[in-house]
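A quick write-up on the structure given underneath.
Order of writing sets the labels: A, B, C, D and E. Residues in every chain begin at 1.
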Amino acid sequence: MTVGELVGLGLVLPLSGFILNRFLGPENRQLVRLAGPASIALAFVVFGAAALLNGTAGVDQLAYHWAAGGAAIAGQTGFTVPAINVDLYFDPLAAVMTLVITGVGCLIHIYAVGYMDEENDADYSRFFAHMNFFVFSMLLLVLAHNFVILVVGWALVGLSSYLLIGFYTTRESAVAAARKAFVMNVIGDVGIVIASFVALGAVGSLNFDSLLGRAGALPQSTLELVAFFLLVGAVAKSAQFPLHTWLPDAMEGPTPVSALIHAATMVTAGVYLIARFAPLYAHAPIAAGTAQWIGLGTALLAALAATAQNDIKRVLAYSTMSQIGYMFFAVAIGAEVAGIFHLVTHAFFKALLFLAAGNVIHALHGEQDMRRMGGLWRQMPATGFIFLLGALALAGFPPLAGFFSKDEIVGSGFAMGFGHPVGGLVLVLIAALTGYYMLRAFYMTFVSAPSEGSDEAHEPGLGMMVPVLLLATLATTGGLLQPGPWHLLTDFIGGVFGESAPTFDPLAVALTLAAVMVGVGVTYQRYGSGRVEERPPEVLARAFDFDSLYQVAIVGPLWAAGRLLEELLEVPVVIGVASAAGSAAGIAGREVRRLQSGYLRSYAMLFAAAALVAVVAVGVGLR
Amino acid sequence: MSAADLGLVALAIPAGTVMVLLMADAFVGEDSKAALAPIAGLGLVSAIVFAVTSAASGLTDRGGAQTYFNQTLVVDGFSVFFQLLFLGLAVLVLMIAPDYLDRRGIQKGEFYVLLVSALVGMMLLVAAVNLITIFVAIELLSISLYILAAFLRRQEGSQEAGLKYLLIGGFASGFLLYGLALIYGATGSTSVASISRTLPHLGGDNLLFAELGVALLVVGLAFKASAAPFHSWTPDVYQGAPIPVVAFMSVGTKVAAIAVFLRIVSGALAAPAVQPRSALLLGAVSALSMIVGAVGALRQTDLKRMLAYSSIAQAGYLLLAAVASGRQGMVGGLFYLAAYGVMTFGAFGVLSLLGNGDDDGTGIELQRGIGYSRPLLGALLALFMLSLAGLPPTVGFMGKLFVFEAAIGSGYVGLTIIAIISSAIALYYYLRVVAVVYSPTADSEVGRPAPEPWGVSAVAFAGALTLLLGIFPGILYGLAQRASLL
Amino acid sequence: MTLLILLFLPLVAALAIPRLPVRYLQTVGLLATGIDLLVSLVVLQGAANGAPLSLDYSWAAGAGLNFRLSADGVSSALLALNALVGLMAVLATRVADIKRPHLFMALLLSTQTAIAGALLAQDLVLFFVFYEAVLVPFFILIAVFGEGDRQRSALKLLIFTSAGSLAMLLSILTVYAAGGGGFALGRLTGVHLVGGSLLFGLTAADIAFAGFALAFAIKTPIFPFHGWLADVYTSAPTPVVMILAGMVSKLGPYGFFRVALPLLPDGARDFSPLLMALAAVGIVYGALLALRQQDAKRMVAYLSLSHMCFITLGILSLTPAGISGGVLQMLNHGILITSLFFIVGHFERRLGTRDRANLGGLSSRAPLLTAVFLVLALATLGMPGLNGFVGEYLILLGAYARSWALLLVAAAGVVLAAWYTLRLYQGAMNGPAREADGAAEIGAVESGVLLPLAVLAVAIGVYPAPFLALINDAVGSLVKLMAAG
Amino acid sequence: MLHPSLFLLLSAWLFVVGAVGVLVRRNPLVVFMCVELMLNAGNLALMTFARIHRNMEGQVFTLVVIAVAASEVVVGLALIVAIYKSGRKMDIDELSELRG
Amino acid sequence: MLTFFFALVFALSATSAVGVVASRRPLYAALSLVVNMLSLALLFILLSGQFLAAAQVIVYAGAVMVLFVFVIALLNPLRDEGPGGDPRQTLIAVLIGAGMVGAAAVAFLGGGLGSEFSSQDSIAGGAQLGSIQAMGSALYRDFALPVEATALVLVVAAVGAVYLSRGK
């Protein structure tokens, strides 16, 4: 099999898993248990093989022609129907992404087999079907080689996300959260669609290569526009400011969903996108600068918000936003490898954290509020340890994975980018906050005084622990990809971006490490002693209250506009015009009837008057 | 016999039929006056045979025409077209009338005599090419119709209709006569041909007389065509008169009057100095009719009255063809006249058949659900309404199309716009009837008399024509082309 | 001959229906529309092979009328859709629930002939005849079988659309007068109207175009000519509204495509900005009103308004991409709106309500309906990978080619579409169960309606190439003509 | 003194007086007489024009009109009698059942 | 003498017409009409219409007016029916009448009185206008058709009158 065919197979496997689970699953739970994870595992193997076979080359595999394209017509203006192919592109960047998606995805699927076991058959199969469908969509996204397929993948992951956030269909909050996520993601989809138009207008093709290949030769404004609208897509998908408010709500979904979609993979698609279009952003300083500031700002904002959350999954959600901010910053300033590196390690430890949190939630029958946890270390030592491991990895403790990837970004922040070294310093500050809120979560959950009801909590079964342990291993050792002395990742994907070995910045390492220690220290000082009755600032707890802002500034006015339009325009004018015309005609009709009085004399009068007018008009008036 | 002679025979037979009927009336017993209908019908059918033969044997728009009686009468394609139309109409009315008369207790021989003599008046009018003939023909058909309108002589409504019609008709005759006198005064002749020759050379007072004469002629004819603002009698008379009479007069009088417009006003009298004025007058009358008719029909609750207003609007459309002039206007006008005849007869014919006992029962609400209780008549009524509304695939649509086409072609865009607005308003009241006809009711199965085979076949025939000529307008259009004077 | 069968088969069936026992009504209706669908596929085949079927009889020779039919790619695609929608409408008819089923079925079938005729006509008068003829059966269907203030609704439909079509008649006659003989579309294409700057700087071509545009704008409808829409759609019985929204509304954009643009390219160019702007406003307007509606049927009605504005935006962009997208979206919208109205009707029939306040939480009780509804809802909101996206993408591309502002407004409409469509879907299927009770799951008949439509929605979305290829020639020749004129 | 204009003016006067009579009188008999007056006005005009043009057409026309007018009167009077016999008042304003 | 006679007849005609309209009693109106018709017959003679004058007297003043008077007598001879009702109606009617008279005056006197009738009154064929020969050939040769049609009108009127006034 060629690489292309392997890639195609890898893409189809999750799709077939979806079909199996959707159509045969409801009657056959055993099949779901098997097919759900297995389709992803097989895909992982296939992509592994493809990556090995492919090396650092780029392969395009055509599946079929989606649209043939209209013939060019002489003398016309505007666009013909563009030729669009369904083709897959596999290069080292795609390889890394597919392996992360299928690898981490496979582990989370396995975990979910146990985690979701309490659901009834129909819901169980639905869950795995949609999870498989998500993997398919995400793979399509990263394998896309033209804008349309990218949009398809982009939107389908949004759809999967919607379906899984709203998995508990009878829960009002879940349904609303799903809708919110979907609508905000559609904004992103539209952004990419518009970007594709600008690109098509500039280069006459929707293929990435034809745009990126000529990136240097195109007008600046075109490049900025494409980059800007792509950024809209990226921001929406990756929950960056200002389209970030859906992510915390998205935690309404089952925890494996949060782990896979809203931590490890989908939300990092924005990072992937900017990396994929690196040559474009290299020539679009305004868009790149915007991305950079958005990343930085979101990282800070989310980190601050994370310090004040009491819901364990929300802490992790804000943390995800924050870390993706890091990645945004990295890819926006041209440190693509560092960004992707952090994407990979983040996938490991954030998935780990979510699964660990999932263990806790599972054990407490759905309780997510950390204030009602505490002291779980006794009942769940393994989970506690793993959570701590993940927290430290996230915080950037050496030698865990996060240490290496984060340092590379901070180092790049000092070295490159817009407004350096300010960016680097802010990132260091955020690292301190990260250390603080992660340890705080750990303390509140596992260490502080136990609350009632936590006694029955227990470790989950082996089926759920094995994938967690595997992820823990990855989170611990993930840094070995690129610890400095050697740099496997750069060797593999650096060619895509034309990057050579990363620079090692001791100052960045030292500063970050110090900052993390400060953060951890503060936590220990505040929470080490046991339960703390804290009142975090309201503004942070509500993450600067963007929800209310949007409600007031956007949703409210839209509803008001709708109401105004209906009451002032639609009903009285647009619909009313018929009634008005009708009643005008009716009045006229009544007048005519009134004239028709039945009195002969008035008929004759009308007759005579009209005849007189006729005679005068003809005989005199026209002379 | 030449083709024109055959046409003359077709004209003479109805006149003879009047005499035959008069005599037959004396010999037929009171209880069997209905037997006069087939007698009259036989005569008229034989006249139809002659007229058809005449039309088929070479009487066309371009040739075969012949004048008779010292140029007071002409038989040409135009007149034979209308003879056929009137004869056909009269036969159909004879098919629906006897049962109606029986129901209303007025089965009298005079009805048939007067019907046929009115027919003679109409046939004479379309063939008349002399002012005296025109006047006599108009009076012949009018006086017959005055009596027919009051034929339900014990009914107050019918009496009122007859007297109103008579008084205002006489009033109008005064105007008409004065107009004719002025035209005669201006040109010194009552022969249309000679007037037509003289008219272009007139000047001074004589031209003024001619113009005023034409204006008064238009007024008088507009009255007969029930065009606004000379329309006031129409709703009252239509409402009060017996339905078969209305079926006959609403078609016959209007068609004959419009024929005179086409032949005389827009034809022979269209001298360069006069034509713009008469066209302006006709245009104004046409526009007013279209508006008044459409608007007036909006709030009617009685179908006969509604149809009366609708016929006012139809007069407007027909006059539009006369205004448009030119061959296209002529052909379009002829087409629409025939279409109007078929669908209007049909509508009134259905009403005549739907009536019961001593009341015509023509309230719109009374027709609720007849689409189910009397499926054929209900469907036909709906069909005629659609046709009058000018919706495809009926002959009414095609007629409007050709008339509007001619009007636009002659540059009368404003009038066409008014016509179109009027048509839009008209849709409302016509389709309202359709909806009523097909509204399900709880007890729509009871209380209806048995259908009358002759009457039903008459309206069914009209219905078939309405559809057939709507789907294949080429047949009628060809006839209209052959009948065109231009 | 094939075309004649396609055209008149439903009418013949309709005429035969009054004589049938009630129990055969639906069978006959299904047979007629089913065979019609098969025939339409034959016609489609011809167009796809580049050999469109056509015929030409003299109709009224002296009057310049010809009975001229032809089915190119666009026509035949819409014809197939018409037959499909007709079939589904017949399938959706509950004969037992209707007071006068004969009349209902006969009228329903006769609409098929009228719509097909308008799609096939190559002669202006013939087009107008069929276009107008559509109105009559719908008027009766709504006035007699509708709900609520049905007579009023029927009259509204009548007043609005007839106002438009009479304006069109005026334009037809004007074009005819300028064309000098005959009503054939091909002959009058690009006819030159004398008269520059008649009124407010409008040329004769502009005014003639305005007549057509008014008719089609009302039929479609686009903002602000949609005054009839909500009441009429709400009053119409389910099978009727399926055809009305699914097919009849297509005659508006089709009219632009087939009649207004080719006949009066200059007028089209002059009016394109205005009409595009109205369409763009209408997209957002319809969306904002759809969001507010409590009655699910009304919501779908405004949803339809928004979508029809999309189609108009595409076609009036006068760019190949926009026109292709608009035409393709006609098919898509036909498929989707038919099924959405059917679903709403299904709620009403089974649960006795379509008030969104009483709907909710049906997904657990009706998994199959949930799945199908989801696919259809997603296609409606333009989910990439489903059919709605393909059309929308091309339409937006067409808008982009003309103006950034239009693009951005329309794009806002896309976002709002996601919002209101999900409100509709989630409101019924998700959330806590409401009091509305009843077996909500779809049975064999409902599946028979919804599944084929959903499958089509997926098929066009996944593999649009053949559909685009089908309409490509027709769009190409129109664009060529516009470019030349 | 025998100016045609004077004859024509008289005929116009008669016509107008008759017309005004129709507009103001309520007794159908009188209205009838007014109509006769209008027809007579027409006749006078016809006779005048016949004299001007010196041909018989106007005179024949006049004769025809006299006959026709007589017919109209006969019918009208018969109708009035019929109405009277059904017991209604002799006032045309009473004849306004049909209206609208 | 002729002029005086003419002026007298003229005045009689004009005033008797007004008498028809203004008489409060139908009978007076009828009598005014008789006077009017007789005066018209005299004018017809001045216009070389001897035959028509006779017809006028016999048909109109004789038959028709007798009929009128008979019906008036039959109905309600003393009933007072002045021009009444709405004075606005009368006013408008008079205004319309004034307009018509104005129009007629402009039309007929616009160019002054003009010339008198030519003294010649022989018609094209040589016969004298209104002579019995001229009348005969006109009625029975040139205009046979309208005259025959008039006969039909009379028949119709007879039939109709009988029908309408018949007892049962």
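For this structure, a couple of remarks:
Here is the rule we go by: contacts are C-beta pairs under 8 Å (C-beta built on N, C-alpha and C of every residue); 3 or more make two chains touch, one makes a residue touch a chain.
Because the structure is predicted, anything quoted here is derived from the model rather than measured.
The minimal number of chain-to-chain contact steps leading from chain C to chain D is 2.
Least step count on the touch graph, chain A to chain D: 1. Under the contact definition, chain B and chain C share the contacting chains A.
Chain centres were defined as the mean of their Cα atoms; on that basis the chain farthest from chain A turns out to be E. Compare each chain's C-alpha centroid with the centroid of every protein C-alpha atom shown, and the nearest one belongs to C.
Centroids of chain A and chain B (each the mean of its C-alpha atoms) stand 77 Å apart.
Computed centre separation for the pair chain A/chain E is 102 angstrom, with centres defined by C-alpha atoms.
Taking each chain's centre as the average of its CA atoms, chain C and chain E sit 70 Å apart. With each centre defined as the average position of its C-alpha atoms, the distance from chain B to chain D rounds to 26 Å.
Contact of a single residue of chain B with at least two other chains is seen at positions 132, 135-136, 139, 143, 146-147, 150, 153, 162, 164, 167, 171, 175, 208, 212, 235-236, 300, 428. Along chain C, residues 155, 159 each make contact with two or more other chains.
Within chain D, contacts with two or more other chains are made by residues 8, 15, 18-19, 22-24, 26, 31-32, 48, 52, 55, 57, 60, 64, 68, 71-72, 75, 79-80, 82, 92-93, 95-100. A list of each chain pair in contact follows: A-B, A-C, A-D, A-E, B-C, B-D, B-E, D-E.
Those residues of chain A that touch chain B in the complex are listed here as 582, 585-586, 588-593, 595-596, 598, 600, 602-604, 606-607, 609-611, 614-615, 617-619, 622.
Against chain E, the residues of chain B that register as touching in their complex are 15, 18, 22, 68-70, 72-73, 108, 110, 113-114, 117, 120, 124, 130, 132-133, 135-137, 139-140, 143-144, 146-147, 150-151, 153, 162, 204-205, 208-209, 212. On the chain E side of its complex with chain D, the touching residues are 2-3, 6-7, 10, 13-14, 17-18, 20-21, 23, 26, 29-30, 33, 36-37, 40, 43-44, 46-49, 51-52, 55-56, 59-60, 63-64, 67-68, 71-72, 74-76, 79, 81, 83-85, 89-90, 92-94, 96-97, 100-101, 104-105, 107-109, 112-118, 120-124, 129-130, 134-135, 137-139, 142-143, 146-147, 150, 153-154, 156-158, 160-165.
Contact residues on chain B toward chain D in their complex (touch as defined above): 131-132, 135-136, 139, 143, 146-147, 150, 153-154, 156-157, 159-164, 166-167, 170-171, 173-175, 177-178, 180-182, 184-185, 188-190, 235-237, 239-240, 300, 305. For chain A in complex with chain E, the touching residues are 601-602, 605, 608-609, 612, 615-616, 619-620.
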